[in-house]
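So, here come the structures, one by one.
Heads up, the next two complexes both have subunit A, just with different partners, subunit B and then subunit C.
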Partner chain A sequence: MITVALAKGALLKDSVARFLKAGLDFTALLDPDNRQLMVPSSCGRARALLVRNGDVPVYVAYGQAQLGVVGYDVLREHQMPVAQLVDLGFGGCHLAVAVKATSGYRRASDLPPHCRVASKFTHCAKGFFEEIDLPVELVHLTGSVELGPITGMAEAIVDLVATGRTLKENGLVSIEELFHSTARLIGNPLSLRLDSGELQEIVEAVRDNDQLRKASS
Partner chain B sequence: MALQPAAGAKDLNPKQVELNHQLSIRLAEVYKQWGYEEVAPPRVERMATLKAGGAISSKEIVRIVSDEALGLRPEMTASIARAACTRFGERPRPLRLWAAGTVFESKSTVDGALCIEESLHSGVELFGLKNVSAELELLSLLVKSISKLKLGVNNKTQILIGHTDILDLILTQFNQCDKDTIRKYLAEFDRLSIENSHLKTNEKKYLNKILDTRGKPDSVIEEIKSMFGESKCLQDIRRLFNYIEPLASSQSISIQFDPTFLPHFDLYQGFVFQVVCHHSTAPVVIARGGRYDEIVSRCGASGNDAAGVGFSFAIDSIRELIGNESQDQTGIEKVLVAYGPGVSLEEALNRQHQWHNKGVMAIVEVNCCKNKNMASEMMLNRNCSTLDWIDL
Partner chain C sequence: MITVALAKGALLKDSVARFLKAGLDFTALLDPDNRQLMVPSSCGRARALLVRNGDVPVYVAYGQAQLGVVGYDVLREHQMPVAQLVDLGFGGCHLAVAVKATSGYRRASDLPPHCRVASKFTHCAKGFFEEIDLPVELVHLTGSVELGPITGMAEAIVDLVATGRTLKENGLVSIEELFHSTARLIGNPLSLRLDSGELQEIVEAVRDNDQLRKASS
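Then we have the complex of A and B:
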């Protein structure tokens, strides 16, 4: 049976819609009363695991799920050995360096060396600051990262920005973009290599639908 | 907290040790039957040997703090190849060797700490055969070895095979600068990196088609032939599969030919393979192998002698896979010798000797039992099948 790992939260609705178009119906996951974490597709040939965003590539890398949908930001941060198959286009956002609007900093390189930078994405942040040759002290936070500069704990943050509304409402401003992120269909490389056609059929259906969608838009 | 083993280190219980032992014996019997001789390569080696000429990253080797650059072996092939080319250099070829032992791999945990993954391996190496006859023998032996492991009907077994010459053929049309990057994309099954690369649309289309090319050997060989024409390499591959596929099929093992498959360690040139079992949830790699002529050449062999093929089973993975299925000890007689008041431990020990002389496993309940009921209870507690009760 095919197992698909899907992320709870913002990506779930679109993920379910893409699999529905490809022939796998996991709409039961969208039922507000649903408390099940493993849900079979209505056709019975697949099942979906409902997991946290950061856990999707873990389930796929270990082979417990053959396919999964997760944001590119998570893939960049966790660096798990998974195959990136289709850029699904939804869930668009970018990972950015943000500071207090009153700080006067206009570029990441304006930040003082060894300043504190708070982030959930410390791996990506480390790579970025190494690339621009700016030594910083990274502080790992698991949520409400915007509070870092507000409380004075950190000079800057590295966080996901979709509309910029949260930053604005907290008096912060984005000064540099690390990369753009969208949802990706990922797969377990070994499962894909041993596949006798059923995984490829789904991947192709998702890809074809995605190309149609891009063409029509 | 009580003292814990280092991250990744194995700390097995008696049942796990027994099962590892049984699996190793089953494999060793097959290797010996095929004329392979056992060697015991060192666990500690010079880093130059362990890195196998750059095939293995030094990050993956557990290094030992010493004046000399030393480390623990991450696999056994390089050490055995060195022995084959030095101490056994004068022995006639083909040279057939097997070894079993622990290998160590250095990994990082999620929080960046060092994790030394220790695992038991058992495998064979065949030296001195340049042509496909080596692969014919090696894969026949592999199939025979798998059949002896008694993996159970629930574990669907597949041999995933690739060939680096076919991958080189696929990459011929690209310039040297792009080749390594594309090889990485194909090996990692990274379709999006291909799509986002600077390559031309027709090149991307070609690579995506290649990435979808895998399956039963016959059809894949025909597809490759239609793209690149007939070649000596394809003839060898066809000859190998014509013999191996029916053999594997008779043992319920299926073969998947995948031209873009490359293993984790960059040891191999030519055939490369992995044996994968489909456990109830995830695929489990139980063996890896292939041709590694370059390593043999680096060890000093030349001409036709610079040839080596081999495979290695990961015993711990197999044990975890078959788990409780093979831990059934029913049918093995195990006697508990127990004694009552008035009887001495020495008498019980003499009775134990008698059982041992008959070839039966027997243990003594060292402390005196009040009565036979208590002894029967002890028999169950000690997982024994028979009680030998000694009373006045």
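Then we have the complex of A and C:
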């Protein structure tokens, strides 16, 4: 039985659609009344685990799911030992440094040394500020990071930006991008190595419909 | 201006009620249409920040909020430098070790050495298993921890249990309690030391209506 870990939230609808095209029907997960966290595919060949974004690579790394779909941002932040198989293209956003629009900072290197930077992505943020050689104090938050500059706790934030609407609504502006992120198909390395063909077939079907999508766009 | 950090979710309604009795009206936060994360009290003396549970002690520790309400479980897990002022009594639950009901384990010390334990509270779990001298591999999850034993990833979980309904629905049973948790009023130590009386007045009003509650129960 193949198990696929899918992330709750913004990536779910597209993830289910991609697996459906590859022959695995997990549309039951999209039913708003669904409370099940483990759902069999309609063909009975596979099942899906519905978990938090950040937990997808954990289930795949430990082999409880052989495949998973998760944002590249999560892979960069958590560094779990999983294989990246296909860039699925959807869920596009970027991790960016943002400041108050009124602050006068126009790039990350304008920020004063030892300023505070709030983020859910403190690992990525640490790497970025080390690279530009700017010592900052990172404050780990788990949500509503835009409150950091508004309350005066932080001069800047490092957060995911998709449409830019949340930034704008909070008087913030993006001044530098760390990297672009999209949804990725990931796999458990050992399962892939021991695979007798069944996993590879699904990976290829998902990859193929990815190439079809690219060719048609 | 006094700022109070309140946690979204299960503790919010009771937190707002307690501040209301103490003279600060943040009922606007309970309006389901409210999208504001920073809301002034109706008297204009104070404002509330609506943040994630785990972020309350961060805002209080950094002094962006002088007071906050958060579960004792969060304080134990994150160990931020904040002052615990009043045990508010509501939001009761306990952090517990749970296993599959069919597993045969009846206490934590029955678990096999080097087994896997999944938890959102890995800091608390680490302390507990060190204390009973049982080496375990902790797996940090951010949600739906009950999937750990169901998928076979973990022999046990350490998670918050309030009514026990989630455990029961997932065929799990609590076998040992780490500690009991309730909502706590916390404060920024420096703000409390420099306070000219205004903060202390609110703390006393919240404490008094806590004692009234206890006397009448």
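Here, the second predicted complex is superposed on the first by the 217 of 217 C-alpha atoms of A that agree within 3 Å, B and C clash if a C-alpha of one lies under 4 Å from a C-alpha of the other, contacts with A are read in each partner's own complex, and residues count from 1 in each chain.
The working rule: contacts are C-beta pairs under 8 Å (C-beta built on N, C-alpha and C of every residue); 3 or more make two chains touch, one makes a residue touch a chain.
None of the values given here were measured: they were computed from a predicted structure.
Legend: residue contacts after superposition of the two complexes on their common chain; A:4 is shown touching neither subunit B nor subunit C. Touch criterion met: A:37 reaches subunit C, while subunit B stays clear of it.
Look at A:192: by the touch rule set out above, it reaches subunit B but stays clear of subunit C. When both complexes are overlaid on chain A, the residue A:86 reaches subunit B alone and has no touch with subunit C.
In the superposition on chain A, contact of A:200 is made with subunit B only, not with subunit C.
Look at A:69: by the touch rule set out above, it reaches neither subunit B nor subunit C.
In the superposition on chain A, contact of A:175 is made with neither subunit B nor subunit C.
Residue contacts after overlaying the shared chain place A:184 against subunit B, while subunit C stays out of touching range. When the shared chain is aligned, no partner comes close enough to touch A:124: not subunit B, not subunit C. Comparing the two interfaces of subunit A, the one with subunit B and the one with subunit C have residues 3, 62, 64 in common. On the subunit B side of its complex with subunit A, the touching residues are 158, 160, 188-193, 195, 212, 214-215, 256, 258, 261, 276, 278, 281-283, 285. Against subunit B, the residues of subunit A that register as touching in their complex are 3, 62-64, 81, 83-87, 184, 187-197, 200.
Residues of subunit C that touch subunit A in their complex: 3, 8, 37-38, 49-52, 54-55, 58-59, 62, 64-65, 116, 139-144, 146-147, 150-153.
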